[in-house]
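These are the structures in question, set out in turn.
Shared chain: chain A. Partners: chain B in the first complex, chain C in the second.
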Partner chain A sequence: MHRFMRSPMAASWALASPVVLILTFFLLLPIGMITALSFWGSTEFSIYPAFQFDNYEYLFGSSVVRAVFIKTFTFAVITWAITLVIGFTVAYFLTFHVRTLTWQVVLFMVCTIPFLTSNIIRMISWVPFLGRNGIANKTLMDLGLTQEPVEWLLFSEFAVILAFVHLYSLFMVVPIFNTMMRIDKSLIEAARDAGASGFQILTNVVIPLTKPGIMIGSIFVVALVMGDFITVRFMSGSQVANVGRLISNDIGLLQYPSAAATAVVLLCTVLIIIAIMLKFVDIRKEL
Partner chain B sequence: MRTKNDLELVSVTKRYGSAVAVDNVSHLFAPGAYICLLGPAGCGKSSTLRMIAGHESVTQGSILLDGRDISKLPPARRGTAMMFQSYALFPHMTILDNVAFSLKMQGIDKKARHARAFSLLELVGMEALALRLPAQLSGGQQQRAALARALITSPQVLLLDEPLSALDPFLRLRMRGELKKLQRELGISFVHVTHGQDEALALADEVVVMNNAVIEQSGTARDVFNMPKTEFVARFLGGHNVISLQGQRFALRSDRLRLVDAAAQGLDAAVTSTEFLGTHVALGLMGPQEVALTAMIPEEEFYAAPIETGASVRMGWNDQDLHPLSA
Partner chain C sequence: MTKFTKRNGLSRRTLLKGAAATMTAAGASTLGAPMIWAQSNIVLRQAGTGVSAFNEIAAKAQEDLGITLEMTALDSDSVSQRVATQPNSFDIADIEYWICKKVWPTGNLQAMDTSRIDNYDKIVSIFRDGKLTPESEIAQGTAPHTVGFVDGPGSTDFVDNESGWMTLIPTIYNADTLGIRPDLIGRPIDSWTELLNPEFKGKASILDISSIGIMDMAMVCEAMGEITYGDKGNMTREEIDKTIDIFIEAKRAGQFRAFWKSFDESVNLMASGEVVIQSMWSPAITAVRSQGVPCVYQPLKEGYRSWGGGIGLAANLDGAKLDAAYEYINWYLSGWAGGFLMRQGYYSAVPETSKDFMTEDEWGFWFEGKPAQNEITNPQGVVMEGPGTVRDGGSFYDRMGAVACWNAVMDENQYMVRKWNEFIAA
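Showing the complex of A and B:
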C-alpha cells in the first residue's frame, strides 16, 4: 500500500478520481440499476425481483412497440434532415457572407436568444399560432387560400416535427458554425483560383471540411429526438406515441420493470446509431 | 518591345472605403522574368498581387496580360495561378488530389488528371509523397505541393504571396534557389511578393519597390541597389548610408565607407558598436548632427588595427560612390 501511494500510478488515479466518481455515481450506477430492474417481474399491482426476460419478450414481440419505434425513427430522420439543412445554411451564411467578426457574433447571439427561455414555453407558444382559430389559420383564410380552418396544423405529426425543428436547430447550427469558422479562408480562394464554381467549392471543400461539425450536430439532434416524450405529447395532443411516451406511460402505471426494459432498448438503439455515424466521420479533432 | 506574356498594370487603383491601398499604379513587368514586389507591410504589394490574381477587385484601371484586359475575369480564366502564403492545401485531400484539383473542377476524368498531377509532382520532386495528406508533410514539402498545384493549369504568370516566410531560414535559402531554377526551366513570369530585401535581390530579374501605395522604383536588382532614386529605397534595401552634403542628400554604400587619416576629406564619427559578420565587420557610427552611419570594413583590415567602441574615427569615400537622391 505504502509503495502504491508513492508510485506515479497513484497520482494518475488521484487526478482521475473526481471524474471516475461522478461518472460512476451519476452514469454507470443508474444505468446498472435500470438494467437490473429491466429483468424484474411485475403484476398489475406489484413488482418483484427476478431475472426473467418477460419484459424484453413483450418488447420484441409486440407489433405496437415496433410501430412506435418506427415512428420514433421517422421523427428522428425527418427532424435530422430539416435541422441539417437549416443548420448548415445558417452556419454557412454566418461564416461566409457576414463580413465582420462583430456581426458574426451579434447574429449568432440572435440565433441563441430564443434558447434563453424554457423549451416547454417555446413549444407551447406554437399552440395559439397553429390552433383552429390561431394566427396561421386566420391568415390563410383571410388570404383566401382555404375556406375552412386547416386541421392538421396543431395536434398532429406536422406540429411535432415543427416543434422538434424549432427546438433543436440550434444544436445543429452551433457545431457546424464552429467547424466552419475554422476553415482557412485562403482554401476558398485557392479553390476559386483553381476554377471551382461556388457549388463546386461547396461540395469539394466546404462540406468535406464541415463533416465533423455536421456529425456532432447530428448526434445531438438524433439523441434528443429519440429520447423526447414531452414535445410529442404536447404537440400531438397525446395522439401520437413515441418510445419516450411508452416509457412515461409505463412509469405512470408503476410498471417500472417494463419501463426499464424499454429504456435499455432505446439506449442501445441510440448507441448503435451513434456508433454507425462515427464510423463515417472522425470527430476527434473537434473535441 | 512587347512579347507574348506581357503583364501590365494600367493606372490601377485599389480603395478600401476611404483608404487607398494602391494608388494609380502603372507598370509594365519584364516578360518571362522573376519579378519581386518588395516593400514594407501595408505598402500595397499584396493588394497588387491579389488584384492580378483576381482575388481582389480593381477599383479603377486595368490589368493587361498578353494584350487582353483580365481585370474583370474570374481568377481561373486569367492565365494566372496563385501560390498562397500558408500554401492553402486542402487538408482532406491527398497531395495528388490537391494537385489535380483544378483538373477535377474542369471535369477531366480521374485517370487523366492523376497522370498529369503526377508529372507535376515529379517536376517538384514530390512523386514519392503523392498519397500523403498535407498534415503529414514538412513546410518545404507542402510548399512544393502548392507549387505543383499552382502550375498544373500551365499559367502564363505564377503569383507567389510571401512564399518563403513560413519556412525556417535554412529551408528558405534552399527553396529560393529552387524557385529560381523552376522559373528558368518553365520560362514563365513569376511575381513574388516579399518584404525581405535580401530575398528580392537574390531572386529577382526585376525588383519593384513599393511604398505608400505607389511604386517607388523598379529595375534590375543591381540597378535598384546601386542607384536608389529615393531615400526610402536606399534605406529599405539596406547597405546604404544616407548623408547630407552641401544641402543635397546622397546615398553611399556602407562598404564604400573607409577609415581614413585625420587630414583626408571625410566625416568625423564616434564608433558606437562593432559587429563581426564573418567577411566584414559592421561599424556602427555616430556622425555630425547625430546622423547614424554604418560602415562595412573587410575583417582582415579591421583586425589589423582594431577599434574600440567609443573611439573617434574619420570616415572617407570616393566621390564617384556618392549617389544623389531625389527625395
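Showing the complex of A and C:
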C-alpha cells in the first residue's frame, strides 16, 4: 500500500480524480438517469417505472419522427456549410491580409461584439427586421425591387437558417483563426518560391494545415444546431419541427419517458456524426 | 403581514422550470413546502393556473378574513400533475373544469357541502344545470355542470344533478373566439370558416396548445360543413384524423403565418400585422388595442369556445383549515373578487354580488354590453377602453348564451396529441 502511495501511479490517479468525479456526477450520472427513464411508461399525469420499449418503438416506427430527424439533419448540414465558408473567409482575412498583430486582435474583438448580448435577444431581433412591415421589406419596396412584401423572409426555414448562421458563425471563426495563426509563414513563402499560385497555396498548404480548426468548429456548429429547439420555434413561428422541439413538446405534456427516449436517440446520433468527423482528422495529432 | 408567492408574467422558461421542479418533487414522498403561521392566522396554500392568481385577491382576503393565502401559479399540465400526485402539497386547487375531469378520480379532492355556501343559489346556472337560461341548449365538451357534482363527500363519480356536493366552486370563466384586425380585413367576418379562407393566406394563425387548438380546429371544420361531430369535446379517432388532415392541407398551402404558444406571441403577431385573423384570448385583444392598434374579439355565428375555472378543496383539509376554506369560498363569491375579475374582462360566478363592487358604468360595459360612458380602466388603473365603446360580443347573455363548446379532455387525448405533433411537423 505504502509503495503504491509513493508510486507515480498514485499521483496520476490523484490528479485525475477531480475530473473523474465531476464527469461522473454531472455527465455520466444524468445520462444514465435519462437512459433509464427512457424505458419507463407514462400516463397523462404520472410516470411509472418499467422496462418497456414503447417509446423507442414509436420513435423508430413513426414517419413524423423520421421526417423531423431528416429536417434536423438538413438544418445542420446547410448551417455547417454556410458557417464554414464564412468562418474560413473571415479567419483567412484576419490571418493573411491583416498585417499587424494589434489589428488582428482588434478586428477579432469586433467579430465578437454581437456575442456580448444574449443568444435569444440576437435571435429575436431578427423578427421585427424581417417581418411583413419590417425594415428589410420596407427597403426592398422603397428600392422598387418588389411590389409586395416578401413573405418568406420571416417564419420560414430561411429565417431559421439565417438565425443559425448568425448565432453560430463565431464558433467556426475562432478555432479556424486559431489554427491558421499557427501556420508557419515560411511554409507559404516556400510554396510561392516553388512557383505555386495563390489558389494552389490555399488548397495544398493552408486548407490541409487548418483541418483541425475546421473540424473543431464543425463539431461545435453541428452539435449546437442538432440540439437547438428555441431558434427553430421562434424563427419558424412554431411551423417547423426539429428534434429539440419534439423533446420540449413531450416535456410540456409531462411525457418525460418519451422525451428521454428521444434525447437518447439524438445523443447517439450526434455522437456517431462526431465520431465520423473525427475519422477524417486526428485532432490530437495535429494540434 | 401578508405572505404569498406568485410568479407573474411566466415565461416559457420558468414554466418549464416549474414543470421540472414538479417532476423532481414527484419522486419524493412529500413536498417540503414551508408553513407560515402569522400569529394565529390560518394559511391556505392555493395551487392553480395563472389566470386567477392575483396578488390583489390574496391581499384582500388577508385584510377581510385574516387568512393568509400562498398562491402558486403553474401551467395547466403542472397543476394537473400536482393535484394527481402530490395531494399534501396544496389546500386549495384552482383548476379548470376539464382538469377536474382528469384528476377528480384520484380522490385527492373533497366535495363541498353546498348548504355551507351562502350564495349557492345565486351561482350562474351554467354551473348548476348547464343552462344559462331555461331555453338554452347545453354546449358540447366538458361542460362545467357535467363534472360539477358528485353524490357524496368521498365519491369519485360525477352525477348529473345538483346533489348538494360540488366538486369545484366556479370562480372565473369566459367565452373565447377569433381575434381579427378589422382595418386590414376591411369586411365583416362572421364565421369560424374564415380562419381557413384562402383570402387570408399567410396571414392566419392558430395556437399551438393541443387541447385548446383542437377545439378551435373543430369549430372551423364543423362550420365549413366538412365534418359533423358526434361531440367535439370527445372526438373519435376518425374525427381527429379528419380534422388534423384538413389543417395539414391548409398548412401546406401556406395558410398560416405562424403558430403561437404564449400570450405575448399572440399579441405581437396581431399588433405587427403579421397575422390578421387568429385564435386569441380576451386579455390579448385588450393588449393589442392598448397599443393603439384596432383589434376585435369577433363574435361568430357558430358560437364561442368557452372555458371555466373553479376552486376545489384538498381531500386532507379538516378542522379549522376546512372551516377557513369555506370562509374563503364564501368571501370569494360575496362580490369583491368577482368585481375585480369582471373588470379584467372575465365573468364572475355570482355576477349579482359583484355589481355592488363595480361602478354603474363598469357594470354596464362589462356585463350588460352597453356603451361606456367614461373611460374604462382595469383594476390596476390602466385605461382599457374609451367612452362610447361597446364590448365585443355584447352582454353576458349574448356571449355566454352562444357557447358552442367547452374546453375538454377527450378519451383519445394521447392519440390526439400525437396527431397534433404531426400537424406541427407537417
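We take it that the second predicted complex is superposed on the first by the 273 of 287 C-alpha atoms of A that agree within 3 Å, B and C clash if a C-alpha of one lies under 4 Å from a C-alpha of the other, contacts with A are read in each partner's own complex, and residues count from 1 in each chain.
We take it that a residue touches a chain if its C-beta (ideal position, glycine included) is under 8 Å from a C-beta of that chain, and two chains touch if they have at least 3 such contacts.
Keep in mind that what you see is a predicted model, and the values were worked out from it rather than measured.
Judged by the touch definition given at the top, the superposed model places A:239 against chain C, while chain B stays out of reach. In the superposition on chain A, A:181 makes contact with neither chain B nor chain C. When chain A is checked against chain B and against chain C, the one touching more of its residues turns out to be C.
With both structures placed on the common chain, the touch criterion links A:150 to neither chain B nor chain C. Residue contacts after overlaying the shared chain place A:256 against chain C, while chain B stays out of touching range.
Contacts of A:195 after superposition on the shared chain: chain B is touched, whereas chain C is not.
In the superposition on chain A, contact of A:204 is made with chain B only, not with chain C. By the touch criterion defined above, A:34 lies against neither chain B nor chain C after alignment on the C-alpha atoms of chain A.
Residues common to the contacts of chain A with chain B and with chain C across the two structures: none. Put simply, chain A touches chain B in their complex at residues 184, 186-187, 189-197, 200, 204-205, 208-209.
Residue ranges of chain C in contact with chain A, taken from their complex: 16, 19-20, 23, 26, 75, 77-78, 80-81, 84-85, 102-103, 202, 205, 208, 210, 251, 256-261, 268-269, 272-274, 413-414, 417, 421-422, 424-425.
Interface residues of chain B facing chain A in the complex, by the touch rule stated above, are 53-55, 74-77, 81-82, 84-86, 88-92, 101-102, 104-106, 149-150, 153. For chain A in complex with chain C, the residues that touch the partner chain are 44-47, 64, 67-68, 71, 127-128, 131-133, 151, 154-155, 233, 236-239, 241, 245-246, 248-249, 251-254, 256.
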